[in-house]
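What follows is chain A paired twice: with chain B in the first complex and chain C in the second.
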Partner chain A sequence: MKFETAPDVAEYVKKEIYPDGLEYVPLRENRVIVKVAPGDLTKVAELFVKKFEARLIHATAVDLELKGFEVLHIYDFSKFKDRLVVIVKAIVDKDSPEFPSIANITWQATWAEREMKELLGVKPSGMPDPRHQFLPHEWPNPVESGSIPEGYKFDGSTTAKEMYLPLRMPIEEAYQTLIPIGPYHPGVIEGQIVYVKVEGEQVVAADIKTGFHHRGIMKLIERRGYNKGAFLAERVCGICSAAHGLAYITCTENLYESEVPERALYIRTLLAELNRMHSHLLWVGVVADVIGWKTGFMLTWGLRERVMDIIEAITGNRVNYGIWRMGGVSRDVPQELAEKAKRTVDALREECAKLLLLVADHPVVKSRLIGVGPLTRAQAYDGGAVGPVARASDWKIDVRIDNPPHAIYDPKVISWEVITDDHCDTFGRTLVRVKELLVSCSIVSQCLEYLAKTTGDIRIKPKTVPLGAEAVGLNEAPRGELAYYIRASDKDSSLPHTVRIRTPSYRNNAIIPLMLVGSNLADVPVVMGSTDQCLACTDRLEVIDNRDGGRKILTWDQLVNLSRRASRW
Partner chain B sequence: MVDLIFTVISLIVIVPLALFLGVIYSYLLRKLSARFQWRVGPMLRMYGDLKPLLGTTRLLQPLYDILKLYGKETIVPDVSRRRLFVYSPFLSLFFAVAAIFFIPFPGMPLLSGVPYSLIIASYLLIASILFTILGPVASGSPWAAIGARREVELFLVSELGFVLSLFAVAIARQSLVIWEISSGGQSLYLALLTVTAGALMFVAMLGKLHIKPFDMPEAEAEIVAGPYTEYSGKLLGTYYLTKVFLLYGLVALFISLFLPPIATDVLWLPLYIVAAVVLVFLLTSVQVLNPRYRIRNAINWYLKVAIPLGVLNFIIALAIWLVV
Partner chain C sequence: MGIMDKARIYSPWLYHLHCGGCNGCDIETLAALAPRFDVERFGVQLVPSPRHADILLTTGCVPKQFIPMVKRIYEQVPAPKVVVAVGSCACGGSLFYDDAPENYAILGHPDLLIPVDVYVPGCAPKPEAIINGVVQGILKLAEKRSKK
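What follows is the complex of A and B.
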C-alpha cells in the first residue's frame, strides 16, 4: 500500500487557510509547511485556533546551528482535508532567540513552550507561566527560574530549597496547607509531584511538577539512526510500546516514498490493538487498586496475562516487541497461530464483557468514580485533552479516524467505532476504556481472521531517506494522540537531525490540576490515575543506580525457575 | 478455692490460646481472600522441594510477620510526643488482652461471670482502639493525622452500631453479665434478635477491624499507611499484635453473645470453631467484594443502616422483655 499526497495540498493551504506565508512546502501525506516571520506566529495561531478551530498538536524548536533556531507549531487540520497537518515555521536569530508566546491564545502550548525554553534556551516572550517544567524550580535560583512571585520579599536566612514555592504562595502558607502527593507515592507508582492546597479534605488549588525521569531517548535516536530508532522508540514506554513503534515507523515512512505490503499493515494493527487491550486492562486494574478494590485488580491483571501470552506467541516478547521495520514488519503471523489466537481472543471478549458489567454495576465502585475529576467538553478542548480523557468528555477525537497511522484502520475494511461518553468524569473514562477494550477485541479478531486466510510479503525494502526531509507521524496510543516529528539530517542519509516526541500523557498530565480543584483528598489518587498517566513518556531525566553486591549470586535461569516454582498453584 | 485456682490457670492459658486463634483467623482472612483473587496466599502445605527452605507449613505466617517486626529497628520521629508515641501501642495491646479476659471460651468462663462484664469488655475494646488513634496523633506526621481523623470518625459511627447491638441483647436477656447471656437458652424470639442484632454487630465489626469497604484509615493509595505511617519495628509489631487479639476478641464476643450456648461448655468446642470460621469467611467475602468507601460515604452508610437497624433491635428487644 502506498501513502499518497494530494497534489494540490500546498495550494489548498495557501488559498483556503493562510495566504500570507513566506513559503509553502508540501510534505508526504498531506503535511504542509508554512514558513512565516517570527512576529507573525501569534497572528497565525489566532487565525488557526479562533477561526478554524484547529488543534495544536505540539510546539517545539529545532537547533539549526548557524542559521538560528527554527520554531515549529504543528496544527491538526484533519477536519478540513483528509490527514491535513499544517506545520508553521519561523526562524529566529541565535543572538536574540525571542519570539512571541502563543500560550495566551491556546493554553495547550504552555508545557511545550516551557520545555522549549529549557531544551534550547529560546525565549518565548509573554509566557503566562514562565517556571521551569522539567528542571528543578530552585535551580539555579528561584528568581531566575520564575518560581518566586513578583515583588515577594524574603530575608537572607531562607535557603534556595525553602524558596521553592509550587503554587507561588508565601512560605508560611505553604507549610500549613500544602500536601505533596509524590514524588514517590503509593497511589501513583511513578515519579512526579502534585502539590495540593487543602482546606480540610477539600482541594482548593493544585499544581504539578514533572522532571524525575529523564532518559534522553530523543537525543539517542538522533545519534543512532532510523533503523535502531525503532527499537529505542518502543522503549519510551513499557506499556504502550507498540503505539510508539507504530508512530515512529509512520513518521520515518513519511520521510521517503514508502510502500508497505498489506499483510504487514494488518500485523501492525493487530499488535497495536493487542497493546491497547493490555494497556486498558492494566489501567482498570490500577484504578481498582487505587480505590482499594484488590479483587478487581487481580481479576483484570489475570485477564491481561492472557493478552500478554498472545503477544508473546506472536512476537516472542512481552513488552518491547521489536518487530517494527521501515517498509513492513520483521515477523509474520503463521496461519495456525492466527487461528489459535483468534479462539483465545474470542473467549477473552466474553470475559471482558463481564468485566464491563462488573465495573458499571458495582455500587461502591460507582460511588467512588461518579462525579470525580469532572472535565467538561469545553475544558477538555481548551486544556488539550487527548484520547479516552477527551472522549469521556463527549469529544469525538481519535487519530485512528482523523489521521490514521500506517496500519489498517479504514472503516470500510475493518468495522469498528469510536467510543464516546457524556459522563465527563472518572466513571465516564472507565466506561470508555472498557468499551474500547471490546472494540479492540473485535479489531484483533478481524485482523486474525484475515491473517489466518491469506499469505503474502511482510516487508518491502525501504528506499534511502532524502537529505533534509521532514515528517510528522501520528498514532492513537492507548492514552491518546501520540505525535512524532522527525527532520532528516542535511549531511547523512542514515541519521535524523531532530526527533521530537509528544506523548499523550504530556497533554493529559497538564490538565490534572484543573480536574483536581474542588475534589476530596481521598479522590486525588483516583483523579490522577484516571488520565492513565505514563510518566516515563512525559519526563526527561533518569538516574541509574548500578550498585551491586551480596554474597549469593543466582543465574538468570535459576531465578526464572525459582519464580516459576513460587507462583505454581 | 478450686474455682479461683481454675480461673487463674485459665487466665494464663487464654493469652497464648487467643494469640494462636487470632493468628489462625488472620491466616484464614489472608488465605481465603487470596483464593478469591486468583492468588495462592500463604501455603498450608509447602511444595516438597521448597520445604527445606521455607518449612512444611506457613500456617503461622501472620505471626512470623509480626515477629519479624520485633527484630527490626524502631524509629521514633524527632517531632513526635515521644512518651505518648511509644506507650500507645503497648497500652492498646494491654487493653485488648484485658478485654479477652471478660469473654468466655468453651470450657473457660474466665472473668465473664463478674457483674457488668458486658460493659467492662466493651469499654476495654474501646480503650484499645482509642490508643490506636492517640499514638498516631502524637507522631507528628500529616498522613497519620489524616488517618487518625478518619479513624475517629469511623470509630464513632461503628461504635454506635456496636453499642446498640450489645444493649439490645442485654435488654432481651435482662442481664449485663456476658456469662449469663451466653449460657442462657434459645427461643424463637431470641433467634430473631440474633439475626437482627447479629447483623448490626457484624457491620460494626467491619468498621472496627478495617475490613473493606471501611479501611479508609489505612488507605495506602491515599494516605500512605495512615495512622501507622511513622511506626516501625517493635512498636508497629505491637500494633499488629493488638489487631490479632482484637480479631479474636470480637469473634469470641460475637459467638458468646449471639450464639449461646456455644461459648460455655467444652463439648461445644467443635461447633465454636465452625462458627468462628464461618464468621471469618463472611468477613473475608465482604473484604474481597468491595472497594474502599470515601469516609463521607462510610458515615452516611452507617447512619443509614446502623440507626434504623439499631432502633429495630430495640423494639424487638423491648417486645421480648415485656411480652415473653
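What follows is the complex of A and C.
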C-alpha cells in the first residue's frame, strides 16, 4: 500500500484556514506547514482553537543553530477535510529567543512550553506557569542548546530532603495539611511527586511534579539514526512498546515515498491491538489492586498471560518486540500459528465478555469508582485529555479513525468501533477500557483470519530519506494519542536532526490535579491510576523545580521550625 | 543460625525499586507475582515499604534525578539485605547508556550506587528468569544470615 498526499491540501489551508501565512509547504499524508512571524503565533492559535476548534497536539522548538530556533505548533484538524494536521512554524532569533506564549489560549500548551523553555532555552513570554518541567533540580542550563558549564559536576550531593521540600505554605493556611505523595508510593510503581493539600479528608489543591524517569531518548535517537531509533522508541515505554514502535515507524515512513506490503500492515495492526489488550488488562488489574479487589487483580493478570503467550509466539519476546522496520516488519506470522492464535483469541474474547459483566456490576468496583475523579466533557476538552480518559468523558476522539497510522484501521476493511461512555468518572474509564478490550479482540481475530488465509511479502526495502524532510506520525497508544515529530538532517541521510515525542500520559498527567480537587485523600491513588499514567513515557525528558524569581527556598530545619511554631498556636 | 533467621529465609519480603526503566521489567516483575508464575509460593511477598524488606529488586538504568532516592531507599532496608538487579539496564545501563558523548540524563546501572548481589539479564527478562534471580537472592540471604 502506498501512502500519498492530496495535492491541493496546501491550497486548501491557504484559502480557507489561514490566508495570512508567509509560506505553505505540503508534507506527505495531509500534513501542511504554515510559516508565520513569531508575533502572529497567538493570533493563529486563537483562530485555530476558537474558530476551527482545532486541537493542539504538541508545541515544541527545533534548534537550527545559526538560523535561530524554530518554534513549532502542531494542530490537529481531524474533523476537517482530509483530516488535516497543520504545523505552524515561526523562526525566532538566537540571541533573544522570545515569542508569545499560547498557554493562555489553549491550556494544553502549558507543559509543552515549560518543556521547550528548559530544554532549549527559548523564552515563551507570558507563561502562566513558568516553573521547570523535566530537568533535575539543580540543572543549571538548557540541555540541547549549550554544553554543561565548566566545572559543573552532578554529584548527587543534594539530599532528597532538600530537593523535594514541600511547597511553601504560609502560617495562615496552617489548618490545611500538605501531603507529598511520592516519589515512591506503593500505589504507583513509578516515581513522581504529587503534592496534595487537604482539609481534613478532602483535597483542596493538588500539584504534580514528574521527571524522574528522564532518559534523554529523543537525543539518543538523534544521535543513533533511523534504524536504531525503532528499538529506542520501543523502549520509551515497556507497556505500550508496540504503540511507540508503530508511531515511530509511521513517522519515519512519512519522511520518504514509502510503500508497505499489505501483510506487514496486518501484522502491525495485530501487534498494536494485542499490545492494547495486555495493557488494558494490566490497567484493570492495577486499579483492582488499588481499590482492594484482589480477585480482580488475579483474574485480569491471569487473562493477560494468555495474551502474552500469543505475543511471545508471534514475536519471540514478551515486552519489547523488536519487529518494527521501515517499509514493513521483520517477522512473519506463519499460517498455522495464526490459526492457533485465533482459537486462543476467540476463547479469550468470551472471558473478556465475562469480565465486562463482572466489572460493570461488582459492588466493590461500583462503590469505589463511581463519582471518583470526575472530569466533564468541557474539562476534558480544555485540558486536552486523550485516549480512554477523553472517551470516558463522552468525547469521541480516536487517532485510529482521525489520523490512522500505517496499519490497517480502515472501517471498510476491518469492522470496529470507537467506544465512548458518559459516566465522566473513574468507573466510566474502567468500562471504556474493558469494552475496548472486546473491540481489540475482534480486530485481532480479523487480522489473524487474514494472515491465516494469505501469504506475501512482509517488507520492502526503504528508500533513502530525503535531506531536510519533516513528518508527523500519530498513533493511538493504549493510553491515548501518541505523536512523533521528526525532522531529517540537512547533511546525513541516516540521521534525524530532531526527534520530538509527545506521549499520551504527558497530557493526561497534566489534568490529574484537576481531577484530584474535591476527592477524598483515600481516592487519590485511584484517581492517579485512572489515567493509566505511564511515567516512563512522560519523562522521556526531565523536570526541575527551580523556584527562582525572588521566592525563597526553605531548608528542612527552617521548615521544621516553621511547623513547630505553627503547631504551637 | 537461629530459628528466627531460618523463618526469615523461608519468607523473604521484596521491595520493588523502580529506578527509571521503561516499565518493561516492572510489569514482568509483577507478572512473576501474578497467578501463573506466583513467586509467593516461595514465601516471597511484595511489601510497600523498604523498611519491611529483605530483598531489594531494582529495575532500570538510574537517571540522575533518582540518585538520592535510590541511596536513601537502599539505606532504609534493614541488614542483612540482598539486591537483585533485574533487566539489561540494571545490569549495565543497556541502550540508554552512552560513552561519548555521555548521555546527560543517565547515571548508568545501579551498581554504581549500591552493591548488587544478583544480576538478571534480559530486555525484559522473562518472569521465570526473575524468579530464578529471586531464588538466588534468597540463597545469598541465607549465606549472609549465617555469617552474621
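Everything that follows uses one rule, which is that the second predicted complex is superposed on the first by the 498 of 569 C-alpha atoms of A that agree within 3 Å, B and C clash if a C-alpha of one lies under 4 Å from a C-alpha of the other, contacts with A are read in each partner's own complex, and residues count from 1 in each chain.
In this section, a contact is a pair of C-beta atoms (placed from the backbone, for glycine too) under 8 Å apart; a residue touches a chain by one contact, two chains touch by 3 or more.
Predicted model, so just to flag it, every value in this text is computed and none were measured.
In the superposed model, A:D398 makes contact with neither chain B nor chain C. With both complexes placed on chain A, chain A has more residues touched by C than by the other of chain B and chain C.
Judged by the touch definition given at the top, the superposed model places A:H213 against chain C, while chain B stays out of reach. In the superposed pair of complexes, A:S241 makes contact with chain C only, with no contact to chain B.
Of the two partner chains placed by the overlay, only chain C lies in contact with A:R318; chain B stays clear of it.
Of the two partner chains placed by the overlay, neither chain B nor chain C lies in contact with A:E113.
Within the superposed three-chain model, A:V364 lies in touch with chain B and out of touch with chain C [touch as defined at top]. Judged by the touch definition given at the top, the superposed model places A:M298 against both chain B and chain C.
Applying the stated contact rule after C-alpha superposition, one finds that A:A288 touches chain B and leaves chain C untouched. Contact with neither chain B nor chain C is seen for A:E470 once the two complexes are overlaid on the shared chain.
Shared contact residues of chain A, touching chain B in one structure and chain C in the other: 186, 297-298, 302. On chain A, the positions that touch chain C within their shared complex are 136-137, 143, 148, 154, 156, 158-160, 163, 183-184, 186, 189-191, 211-217, 219-220, 223, 231-232, 235-239, 241, 282, 285, 297-298, 301-302, 304-305, 308, 318-320, 534, 536, 539, 542-543.
Residues of chain B that touch chain A in their complex: 33, 36-40, 47, 49-50, 142, 146, 212-213, 215-216, 219-222, 224, 288-297.
Across the complex, chain A meets chain B through its residues 179, 185-187, 201, 288-299, 302, 362, 364-365, 367-368, 520-525, 565-569.
For chain C in complex with chain A, the residues that touch the partner chain are 16-28, 30-31, 34-36, 48-49, 61, 63-69, 71-73, 95-96, 98, 103-106, 123-124, 126.
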